[in-house]
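In what follows, chain A forms one complex with chain B and a second complex with chain C.
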Partner chain A sequence: MATTYKKIASVTVGSGGASSIDFSSVPSTYTDLVIKVSARDTTANGEFYLRFNSSTTNYSDRWLYGTGTAASSTTNTKLDFFLASSGYTANTFGNTEIYVPNYTSSNYKSVSGDSVQENNATASYTLLEAGLWSDTAAITSVNLIPAGGTFAQYSTATLYGIKNS
Partner chain B sequence: MAAGATYEPISTTTLGSNTNTVSFTSISSAYTDLIFVFEGTMSSGTDMMVQFNSDTATNYSSTRLYGNGTSALSTRQTSDTAFYPAIGSLANRQSIIFQVMNYSNATTYKTVLNRANNPAGFVGAHAKLWRSTAAITRIDIIGASSGNFATGSTFTLYGIAAA
Partner chain C sequence: MTTAIEVNCATGEVIERPLTAEELAQREVDAAAYAAAEAEREAAGAAALAAKESANAKLAALGLTAEEIAALSK
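And then the complex of A and B:
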């Protein structure tokens, strides 16, 4: 039986920063996708958006998160995860893992995400996210977009494919 | 299992019709950990149950941390006859992932790390325990209250080998 969980592509942001990280022409030969992100923003914004096929609509999610002093839950009309903002301790990055099963199916796409920040200073966040892209199109591209505008140098993202047979 | 290979698909099922139970049987002991991934919905009923080795005794327990979009909550279930890896209705499309570490050892009880992802209901992380020292050789995924998983739902079991 074939081994799976293979790297499709990986990006490391260079010295100029990046306004997005894009994985285009995602092959349809896998069953599930995993996206692992280590990221920091050059602005005070501590989130990034996940989009599929460059679409800006039909996203929803449930968050469960802790700040270090309290736990809460919210609902959003986007798929957003944490990264380290510019105000965070230097050299710290936020980490995220996103799982997308059945990404080529003609059903809506379910997303499972875990996202963390740690700062050894001000409030940081730990997040569990259940997401949905209410679109029946097969996912052919993955876009990571920093809410503040620019991924900092040394931010990384890797896209893996998992095959169930 | 190929030498040195890990994260291998053991078995996958995509439902061609509404179905109450999906079983993974004769699970090889060649791996270290198991990962189960569900993606889909239920056509009737609203909850998923999981049993190991066809054990229907009160050997399952759970601690759940979850959010409903408004509040963060935590609950515990003890002495259950199965464990319930979702929270809220499976009438909504969602993914459920659970991992069973060291599943084939015959010495310790089996602990499960579980993520539930219902974007129209609850998002959560659960700890599950099966109080049995038996190696896990069978996993049954069952629609609770005779409910059925919907056509097109997928159930996949992966094996991870430490060496």
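And then the complex of A and C:
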């Protein structure tokens, strides 16, 4: 059976924290990418942004999310996902999985993902997201950036490549 | 801490480097955008909760029991 799901690279944040995690020189030999993130922030900020090729423009997404007491939806001009902020239960992490099909194509890049926070309290978000990067460039780098905060120690990010055969 | 972790997927090399001036500036923009979005979500959540409580109060005033009101939202 062909190996269709392969780990490309993985990062665990050290004791100093990190203001971004960047996967550069992403090989073009796969059809799709999967990014798995387990993260906590050292600040009160509870999101991180996904960017490609260090570009800060042409992103959009639709969120369907729950807060623990209500469900809602919203649109954003970014690709953002949840992590556990510093106010959340100690030693818990938010978890996210992101799928990026056809990342080397010359079409706009679609993104889908799910994201949850863990918190022993009423408020804790869960999210389904559909996103788009309106850019025709092949994705050669993946950038994970806390929304003004800092990834805490033991946060992890892993990039996988998917082949169709 | 304002350090970036870079993983070169071709070589496996991992480096830690300080953020550039441009990245630091973007970090400020990101923080402001997050604060605005979070405030908007909290306001929307509070408004939805207030509307729900108001609706429940009006239904109770019409004579519905708590069980009947709860059944309407299932």
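A few comments on the model shown:
Following the convention adopted for this analysis, the second predicted complex is superposed on the first by the 162 of 165 C-alpha atoms of A that agree within 3 Å, B and C clash if a C-alpha of one lies under 4 Å from a C-alpha of the other, contacts with A are read in each partner's own complex, and residues count from 1 in each chain.
Simple rule for what comes next: a contact is a pair of C-beta atoms (placed from the backbone, for glycine too) under 8 Å apart; a residue touches a chain by one contact, two chains touch by 3 or more.
Keep in mind the model is a prediction, meaning the values are calculated, not measured.
Once the two complexes are laid over each other on the shared chain, residue contacts for A:38 go to neither chain B nor chain C. Applying the stated contact rule after C-alpha superposition, one finds that A:86 touches neither chain B nor chain C. Residue contacts after overlaying the shared chain place A:72 against chain B and chain C alike. In the superposition on chain A, contact of A:107 is made with chain B only, not with chain C. By the document's definition of touching, neither partner reaches A:158: not chain B, not chain C. By the touch criterion stated above, A:46 is placed in contact with chain C alone, chain B being left untouched.
After overlaying the two complexes on the shared chain, residue contacts for A:119 are found with neither chain B nor chain C. In the superposition on chain A, the residues of chain A touched by chain B in one structure and by chain C in the other are 72, 74. Interface of chain A with chain C (complex): residues 8-9, 11, 13, 16-27, 42, 45-47, 49, 56, 67, 69-70, 72, 74, 76, 78, 80, 145-150, 159. Only residues 1-2, 5-10, 12, 37-40, 65-73, 93-95, 97, 115-125, 152, 154, 156, 158 of chain B touch chain A when the two sit together in their complex. Per the touch definition, chain C reaches chain A in the complex via residues 1-12, 14, 16, 19, 23, 26-28, 30-35, 37-38, 40-41, 44-45, 48-49. Contacts from chain A toward chain B in the complex involve residues 1-5, 31-32, 60-66, 71-75, 99, 101-102, 105, 107-108, 110-112, 114, 128-132, 162-165.
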